[in-house]
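Following this line, the structures themselves.
The same chain A turns up in both complexes below, where it pairs with chain B and then with chain C.
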Partner chain A sequence: MDTLPLKTFALRAALAGATLLAAAPAFAGEITIWCWDPNFNVAVMREAGARYTKAHPETTFNIVDFAKADVEQKLQTGLASGTTNALPDIVLIEDYGAQKFLQSFPDAFAPMTGKVDYSGFAPYKVELMTLEGKTYGMPFDSGVTGLFYRRDYLEQAGFKPADLENITWDRYIEIGKAVEAKTGKKMTTQELNNGGMTRIMMQSAGKWYFNADGELDVTGNAALKGALEAQAKMVKAGIVKPATGWNDYVNAFTSGDVASVVTGVWITGTIKAQTAQAGKWGVAPTPRLDMAGSTNASNLGGSSWYVIESSKEKDEAISFLAEIYGKDVEFYQKILADRGAVGSLTAARSGAVYQQADAFFGGEQVWQRFSDWLAKVPPVTYGIFTNELDNAVTANMQALIAGKPADEVLKDIEAQAQTQIQ
Partner chain B sequence: MANVMAQNRRGGLKRYYDVNGWLFIAPALLLIGIFLIYPIISSLTLSVYSGRGMMMKFAGFGNLVRIYNDPIFWKALTNTFTFFIIQVPIMIVLALVIANALNNPKLRFSGLLRTAIFLPCVSSLVAYSILFKSMFSVDGIVNRTLIGLGLMDQPLNWLTDPFWAKVVVITAITWRWTGYNMIFYLAALQNIDRSIDEAARIDGVPSWGRFFYLTVPMLKPVILFTTITSTIGTLQLFDEVYSLTEGTGGPSNATLTLSLYIYNLTFRFMPNFGYAATISYVIVVLVALLSFLQFYAVRERR
Partner chain C sequence: MSRSVFSDRHSARLFGAIRYGLLLLAAFLSVFPFFWMLIGATNITADINTGKVTPGSALFDNIRAFVAQVDVPLVLWNSAKIAILGTAVTILVSSIAGYGFEMFRSKLRDRIYTVILLTLMVPFAAIMIPLFMMMAKAGLIDTHLAIVLPTLASVFIIFYFRQASKAFPAELRDAAKIDGLKEWQIFLFIYVPVMRSTYAAAFVIVFMTSWNNYLWPLIVLQSNGTKTITLVVSSLASAYYPDYGVVMVGTVLATLPTLFVFFAMQRQFVQGMLGSVK
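Up next is the complex of A and B:
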């Protein structure tokens, strides 16, 4: 920021001018925001709030940090009970659940069509928050995935970074076996009660649990079948250190117990928090399924901000989101460099930070790489029953690992899912 | 005439007492009405509706039909019953044996031991579940101890194996609640006249015989009470499985209980409040049936 005083000044002046010209009503409220992850969403929102307060000193922010499940539960309870004063003004919702909330609580969220220029955002983010012609949220981060690996372990096993470029999951397993033989470390960790890996693999082939019309797509879904088989193969090959929960999962790769992890770009902040491991990490493209149509790019998670319709500070909240998240390119540069937050505002993609080399990742231009992969992520329609299907898939995973044929497992998943998605 | 007047006065007096009586209990009744009766009736009406979130439609018996056809519901019901059929007897027997041992007047440090065994039940449900989760994780203290003792070659994935995950849940709730039940038995044992035991001992009844033929029958009402409360507690099992499995009831729904399923239907899945309310009524019916059994058994004894 200090290196670009002129530009900053110009930008601020322009912003201030725009605000004056718009002659917006003087806001003087406190905006309450619910979100999860202190290293990521909470920190990003603090930064956004600080920026807005600079231009509008009368607006204050109350950012409340909950676990993701708690945010969703409190939101659902509040919306269902109708006690709107228990709700925040802005809430973070994961993209998988966006349509679920929009469809099951009509008129609960404030439409922002016309107040935000959606043409500047990645189209898939806008589409997933649009219902019956109205767009409801402020697109936030992308969950573009990558293969985060320990350079030192891979090197010890005789692999160069180039060996991890654009590989298949089968090749990943082979490398994993070699890594364990040479270093004694497992290749990766996985939460077997979590459907995240299935979703990463499936989306890399442009498929989801549902087709574009929202109908169940399980038994005939080659990508889902491939995803399940690849995971069973990984477990059987013994390259996976099983994790019993999120903390266990994170601990496996931050403690140096495993050599790699495939997950969303938002994990960068957590990995970089291990300053002692600086220079030991590398990033490679997501492995692909061994089938036509599967690419070396996928997505996991990602979320967006929504304003509650009944909020007293509704207009102020929308104006805040539109001003910071809607057009502050410099803000996006900062949260990318500090937190690894890959925003979905296209204009922010050309910023200088994207070109920067990151010493933590051995001097690679990691952001440019993630940005390139993001462009290749096959778009899918998430539908409204992702949690139900995750549950059906993980419930049948054990049977597949135990040796049940994949086609029968898919039939079981479909049977369980059908009763759940009424 | 005088007779009629007296009757009137008595009637007036009766009404006076009636009105005052009702006035006295009115605040309590009002609170019960708002916070107990209204929710009960409202959830009953909710259970004949179904739909997504606030988009609810009248469904009549639709939710009951769905329950009948829902394999996850039956899985949750089976799990719930497995937990209480295995866990409740283990815990009751353990509590009885410990209470009997602690009741021995010759035992030293009995106060300390009593406190130590009761202490788990002071701990918060979530806190001890998290503790068990870390103890039974792959790198946890349980695996390391078992490997250190040479009882296992490889760490066991307790919480990702459907069978062992159930074992962990049962172990956890037994640890938490045994001391609680033991206190009831200790209190009851202290009300039993020591001379009964002494007389039996003089007559040459061995200690196991005194335990099974004297102590246990005399504790029967307390055993009955603890069994029923434990059964109801297990039917409502939620905190432990939620914390141990991060709310999924995994692996393979092996630890999914009815309460956790209700939670998922309301908060994790597409919210279907009507269907969730119907399942909560299944628990109500089960609890009512078991409570009826309790009254029945007590009546028989008299």
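Up next is the complex of A and C:
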């Protein structure tokens, strides 16, 4: 038996395997970015990179896309292990989760106070990335909310667009009843196991589940109470078509089953995809709670870019973000036109795309309107346990609808939340 | 008397019917996701959302969109490289360990074996961060080697080979020794051929685990050029408005290799699970 060739072969195979597996490229002057959604965030970042490269040809971009939960998982692992060379230079973080990262990993993200002119952005986007007087991150897409409604249904019920301007939720319910009486259509739809509507209503009054110090603010929170009561009232008044899951929810308004929906500006593309409904839609400001301090503007969702403090390309990453996201109005026209991305830079409204009148919405300048509301969204501190509170709220919603007093429901929510966040 | 025979037959039939009914139900539950995946790959997102269960005409559009977004050969190559090389080395290392544990007697043997088995109870999430730090120190982040290395000594496969080795006749080894074979020659030329269906079963198990491995590659891989197909499909599915038709094409592509391996080795796999040596 000839054993030598066999040994050599095995050794060679092992070596070949190892070299095959270990090849990894890395070169300087490259900004690495982690984000999710190839057709949205990645595409927007590519556009931003291309614009920056025109003036700085030595800089290259490496945009890596993972699922949203995966970006968070990788970021968490990289930060927790202290292995800074395994982190990107720029990372996208969802706004609701920003404080969790900023507070759990102090000094992990680069403060940009003084390097970015934050006065140009919607104040609420800046607030959510501010911790102890320092602002981290570059505000990106906004979830500024609006009331999207079917002009034709409301007209049939005897309402003009002006009747929907700056109304309260109580007025919304009255209109809803009239719409159903005249057209047979429900006024709106809601996913009852989703906390989105509570968040919209609460933020419109400048409140959140937590106060500015990050402490739980439930039982004494008038805005939260108002938000829960308004939703219970809507359900009891019978103006809501309940939806089971996201697809059902979207289907309710795109199919013409309901007369309106209140949600983030990012839904615009989905609504406009129903080309047969062109001219039949309108937008109005978000209804407000019937209480002092509540405004006709709010937000749902959105995310922002953060630079890793230990990054070798930190300074270049910051100047890239400041130069493109911080002031390039034309960039914001392009990403709105191509990707439907509404940024948070208020100056973007002066551009051509933001000024266009949209025939789909009856010739209204919808982007100007959203831009108006964007600047008015009350800033709140999202804290670090928004998801836990959402769960506690949705779990107790049925009891409220069944007639349990709101103050008691708030106590239940607080008790349930405390077991989850401690 | 005759009545009781009749009722016995009757109840046997009834049980048969119930048994087949339950089996049919189980078969339906197992096969439906595959069916749904294949149907989904031929439909547009709007139809998938409404729960359409008939084939559509969008298959080629979905494939085109998938190919336009994903570097398919590269991604499949990455997955295949990790799965095939990883599986081969894992089986080699783990089967040698299983062989050793069974063949060599020593006082400490079973204590060491117990400790090794105990490590099965430590969840991966608990060792993930230390492992990540090790890989980072070794400069292996964003390499496929970092994915393969921690799996090479698979406790489960060591256990599996040790159990299977119990049926390996000691006489064979003794005879080989008398004929002058060294230990590694006995392993390579006697043990491996005798245990080939155990190897086949282990191959199927390790290949599938490796191909479908998600969390660790996700943590270690950092760039588009090293990503595996499972990561790519996950990224596509998490868009704000996922194109489910395209996601389904990706899922089919990610499933095919494991199906192929399983069906190609099905006979040996079943034999291996029953025990190699007759």
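A few points about this structure:
Throughout what follows, the second predicted complex is superposed on the first by the 264 of 422 C-alpha atoms of A that agree within 3 Å, B and C clash if a C-alpha of one lies under 4 Å from a C-alpha of the other, contacts with A are read in each partner's own complex, and residues count from 1 in each chain.
FYI, contacts are C-beta pairs under 8 Å (C-beta built on N, C-alpha and C of every residue); 3 or more make two chains touch, one makes a residue touch a chain.
Bear in mind that the values here come from a model prediction, so they are computed numbers and not experimental data.
In the superposed pair of complexes, A:Thr244 makes contact with chain B only, with no contact to chain C.
Applying the stated contact rule after C-alpha superposition, one finds that A:Ser350 touches neither chain B nor chain C.
In the overlay built on the shared chain, the residue A:Thr113 is in contact with neither chain B nor chain C.
By the touch criterion defined above, A:Gln420 lies against chain B but remains apart from chain C after alignment on the C-alpha atoms of chain A. Touch criterion met: A:Pro38 reaches chain C, while chain B stays clear of it. By the touch criterion defined above, A:Asn85 reaches chain C but does not reach chain B. By the touch criterion defined above, A:Lys68 lies against chain C but remains apart from chain B after alignment on the C-alpha atoms of chain A.
In the superposition on the C-alpha atoms of chain A, the part of chain A touched by chain B in one complex and by chain C in the other spans residues 69, 73, 77, 80.
The residues of chain C lying in touch with chain A in their complex are 49-50, 69, 81-82, 85, 89, 128-130, 132-133, 136, 140-145, 148, 185, 215, 218-219, 222-226, 231, 234-241. Taken together, the chain A residues at the contact with chain B in this complex read 69, 72-73, 76-77, 79-80, 100-101, 103-106, 192-194, 241-246, 248, 384-385, 387-388, 391, 394-399, 415-416, 419-422.
Residue ranges on chain B touching chain A, taken from their complex, read 50, 52-55, 66, 69-72, 133, 136-138, 157-160, 162, 245-248, 250-253, 264, 266-273. Those residues of chain A lying in contact with chain C across their complex are 1, 3, 14, 17-18, 20-25, 32, 36-40, 62-70, 73-74, 77-78, 80-83, 85-86, 88, 247, 251, 266, 269-270.
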